Amino acid sequence: MYELGVVYRNIERAHSETADGLAKFGSATVHEAMGRVGLLKPYMRPIYAGAQVSGTAVTVLLHPGDNWMMHVVAEQIRPGDIVVAACTAENTDGFFGDLLATSFKARGARALVIDAGCRDVKTLTEMGFPVWSRAISSKGTVKATLGSVNIPVVCAGALVHPGDVVVADDDGVVIVPRAMAKQTLEAAAAREANEGAKREKLASGVLGLDMYKMREPLEKAGLRYID
Amino acid sequence: MYELGVVYRNIERAHSETADGLAKFGSATVHEAMGRVGLLKPYMRPIYAGAQVSGTAVTVLLHPGDNWMMHVVAEQIRPGDIVVAACTAENTDGFFGDLLATSFKARGARALVIDAGCRDVKTLTEMGFPVWSRAISSKGTVKATLGSVNIPVVCAGALVHPGDVVVADDDGVVIVPRAMAKQTLEAAAAREANEGAKREKLASGVLGLDMYKMREPLEKAGLRYID
Amino acid sequence: MYELGVVYRNIERAHSETADGLAKFGSATVHEAMGRVGLLKPYMRPIYAGAQVSGTAVTVLLHPGDNWMMHVVAEQIRPGDIVVAACTAENTDGFFGDLLATSFKARGARALVIDAGCRDVKTLTEMGFPVWSRAISSKGTVKATLGSVNIPVVCAGALVHPGDVVVADDDGVVIVPRAMAKQTLEAAAAREANEGAKREKLASGVLGLDMYKMREPLEKAGLRYID
Amino acid sequence: MYELGVVYRNIERAHSETADGLAKFGSATVHEAMGRVGLLKPYMRPIYAGAQVSGTAVTVLLHPGDNWMMHVVAEQIRPGDIVVAACTAENTDGFFGDLLATSFKARGARALVIDAGCRDVKTLTEMGFPVWSRAISSKGTVKATLGSVNIPVVCAGALVHPGDVVVADDDGVVIVPRAMAKQTLEAAAAREANEGAKREKLASGVLGLDMYKMREPLEKAGLRYID
Amino acid sequence: MYELGVVYRNIERAHSETADGLAKFGSATVHEAMGRVGLLKPYMRPIYAGAQVSGTAVTVLLHPGDNWMMHVVAEQIRPGDIVVAACTAENTDGFFGDLLATSFKARGARALVIDAGCRDVKTLTEMGFPVWSRAISSKGTVKATLGSVNIPVVCAGALVHPGDVVVADDDGVVIVPRAMAKQTLEAAAAREANEGAKREKLASGVLGLDMYKMREPLEKAGLRYID
Amino acid sequence: MYELGVVYRNIERAHSETADGLAKFGSATVHEAMGRVGLLKPYMRPIYAGAQVSGTAVTVLLHPGDNWMMHVVAEQIRPGDIVVAACTAENTDGFFGDLLATSFKARGARALVIDAGCRDVKTLTEMGFPVWSRAISSKGTVKATLGSVNIPVVCAGALVHPGDVVVADDDGVVIVPRAMAKQTLEAAAAREANEGAKREKLASGVLGLDMYKMREPLEKAGLRYID
């Protein structure tokens, strides 16, 4: 359950080598490597195309229309972190802009994932600070109500514990629980290893039907071809 | 009605010259040339800007969260085709990624139009394989349930028969029934022929009110000017 | 209340220097300078990234699926204006394309803000004519029903009077009432003046917590740090 | 493809006994009996709970914000019909109220299925005239633009031919193609015949796992029980 | 523009006889009588069916997730008023429950129209205190940020001035500007006067096509009948 | 993280007296008693009005369009349980109807909370088996893919562990973590104890402004009254 008004300062982060290593596989491969779980809802979109990152989660729970806790979480950021911001109700206000991005970046944050809105996207793009958000909005926020930092949160439908690994790219965002990060990295690498050969075969005109040996199970399932 | 578990191998495609010729007019002009019908809903968006294609439809009906039939449809693709994928329920999972795109491309497909999700969009963009979809999502799919290939489907609100012409660009996607392709091509060309002159007039400051002779009908309809 | 079937020809526009001067501050700063009000809903998105404009509003009220009044409003445009189009019901049809854009541009319009759909976005992008809309759609419209021009309208949740200032960029669209334009410009400039120093401090690692002196109010509100 | 501006007066309706007989099975059973197809999207909701009807479809294609064709379709209604109204764009205006309902009822219509809005729902409820719609809205419409009557339409994602059978209840709306009505009625009856025995077994505590013999396939699929 | 942090105590209300008299015509007839304008968006729904009210508007502007101003507006209610609550951002929290309803009722309020969420709907239904809202939600709110009372607001897409007349029923909510209330009442009465005769005719089988003399204009517009 | 293909048979349930005792306070009071957290999103709606229940959660994770695991979870139900069903992707299919309800009821389940669709709502209403769902849909499902039973799930934005307490009524659904059930019950009771006196005061015309002593903090926050 959500505890309100607390900041956990000491969190156990996933090993940085593992956390860093997951970026290159991308969100689709990583979520497959975990058994097809851990994704945030697809309404979470990057503010610009092409960013692909991974890092360790520091979490923050916000009140709608109030970004006070964004300043509190800034202090808890360590190099290599990605801030994951959840909100107690659906809200699209612009909780985050270029000033906070400057601060987050100075603290070593790699990205922000926020189930709410973001603004100053032109400047953020120029700064190369990637954000995945549910909306882009100029709407400013107040600073009046406490949330929490580094508690487990549900962000865009996914459970995120502080210290988990976040992997984000143009396809979306996936959360890898800290305890599974190493095995997921290995599984992703194994998965990727096969892809080159498959891609070559498919490019040469071999069909997935044959490469994956699907013809028999399709026939058993009752598929009929009609000329 | 939808027949499930069938693959029609022999479909009658619109004449390729006609199908190819429609691309350059774009979806807006083509749908106007047909009498302002045939469009997919505007939630269907290209995964990258600037692609403009036309081709003959091969259709596939999918089950939510299950992309088995995408491999079945691959075999039915001929050069110049565009795959049109419908789903029996609203679903945003990532049914299609770079491996399937490699296979589709090797078979000669020009694009995919899918009323569901797509992933690996960065790679698809690099490959230059355009997709129009309702969502972008890393979410993987299973291979367990039969749908059908080359049956008539309703895709994003539009009826599509196999062999119809698909025209897609940044504005959206339009379906031209096979039997109407030739006359639509002619009507689109005629429509386009007038546009240059109109554009020049408007650019010179002539008002649409005068160019289209709207002042009288507007007055008859009761329009009042107040100084 | 909406009057239908009328065109107001003489509207009082905000002073052009003020209207022009607001563009460079952007929608976020301007709406903050007004006290955090005046924004259109965040579903209003630019058809291409990077445009940042301001100008004086000429307004038009449309009927769903009917763009007749777009031709009527064209005549009322003066250089420096931005057309703000509202619709009597939610509608995503493509009311505006490259021909109308050519006409609007010839009349001196800087942009269109429309709570409905827009088409020919590739050409509009090439022309450099920016549009903020709720949708992109090829869907054509009829010319059959009267609306009004230069009456106060509610567009995407914001009240717009003809002559108000419109400021639009990648973050969204804000309306500055004519009578407040001057003081808003001053407030925006004052606001902006402080940002450089703040940004430098934050970039150097100073926390917002300290820069904004938030530690005491947070403690008073009951924030607890747990190690 | 949609033909605009036409009214087909002679349509072949499904046999009335079959059309009438499907009501009692409800939309869920009927769509299962057809192989799990034919449903309108679930955003189509009844304006009051408890109505359960079937009948033969007369179709009408509307323009957004324009209900002129509702008067045209009224003349084509025969006793036992259900009017199915599609719209060329998404629209929630109130195309239908108590006056049209009085007229439809006088012509023998049993219900309206409309992919748009409906109004006067209190009076319609008192009259016992059921409507399935995407919205309830007071918004009035104009009478200015032609659509068509008794052409095939796509309504809320389903293809409907004039003369097809419509079955609607609290769960939604399903379309049974005329040519399949008889066999669907038989399949629905067969399906229903088994349900009583199944319900009794389940009520007595027998599990679906055993009744449907699922334990073995679940085990084969890899299901593990953990104590 | 919105002024924040102010409460206007003296507002000019529409004449009570007029305000009271509009209820019986309902939102559809009243909005038609005004020329088909003034409606709130159709996402505003009553928490229970069958309520039909009118009254004078007292307005309140809320901050998302914060219901402090609901207590401030309570004091400004006079018998016969309807509270109209707008929010500076889209929000579905439960700003209003049985305690506030008890207070509003004690002050003489007839209803609440709120572009946000409402809770305790079972008790509100038992109390017979009608609410039109965008959502039903248990979510509680804080009391931390000022809004305003009795300023003009945009609520669910409609402009509302304090003192305007609000008419709400199962079809939706319409706002009648104070200055137009009397003429709207007369127009609604005139409109209603004709409806009885029309209804009788239609019930007897006369078609709208004939009653409204539509056959000729339809033919002129090009409608073709095909046997 | 989600484990797939597992069924946990032994879960620790909240104490039944506590679980049972929470129903009467309703979801709003219970979520306030927990500090304003634990709610499912407000799109979760009851299929009929008036039900108010609490019980211990048994959880199930479903694949879109596949209700196989609903039969697996049935066996794990004990009297006093409420089944909480999550889905790996957004889906509105009708996973649950009268047969499953008969089985669930026979096992002692009090309700179903499902982040997907439900059907046979007329029969479920007659049976008095309440369901909170995101949709009502006739759409049938397949039985092909494994999910899991009694793992922690995210359902409609809330984290649910097996054995937690579920409280649901017309306002929505709240989850009380097992470890907090007892203290939440006490806090809810304390909260409720005050409500009677408050309600009486408010009914007599006392304002919340005075009862909650808000005048001073409002003044401090800068609220101005204007006559």
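Quick notes on this one:
Lettered A, B, C, D, E and F in written order, each chain numbered from 1.
Here is the rule we go by: contacts are C-beta pairs under 8 Å (C-beta built on N, C-alpha and C of every residue); 3 or more make two chains touch, one makes a residue touch a chain.
On a predicted model such as this, the values are computed, not experimentally measured, just so you know.
Chains that touch both chain E and chain F are the following: A, D. Between B-F and D-F, more contacting C-beta pairs join the chains of D-F. At the interface between chain A and chain B, under half of the residue numbers appear on both sides, which makes the contact a different-residue one. With centres defined as mean CA coordinates, chain C is found 31 Å away from chain B. Mean C-alpha positions place chain A and chain D at a centre distance of 41 Å. The multi-chain contact residues of chain F, meaning those touching 2 or more other chains, are 36, 88, 90, 92, 139, 145.
Taken pair by pair, the chains that touch are A-B, A-C, A-E, A-F, B-C, B-D, B-F, C-D, C-E, D-E, D-F, E-F.
Across the complex, chain C is touched by residues 5-10, 48, 68, 70-72, 74-75, 92, 94, 97-100, 102-103, 105-107, 117, 119-122, 125, 135-140, 143, 145-146 of chain A. Contact residues on chain A toward chain B in their complex (touch as defined above): 26-28, 31-32, 36, 39, 42, 45, 49-50, 52, 169-172, 174, 195, 198-199, 202-205, 207-209, 212, 214, 218, 221-227. Listed in rising order, the residues of chain F touching chain A in the complex are 1-4, 34-38, 41, 88, 90, 152, 154, 157-159, 176-177, 180.
Chain C meets chain D in the complex at residues 63-66, 88-93, 139, 142, 144-145.
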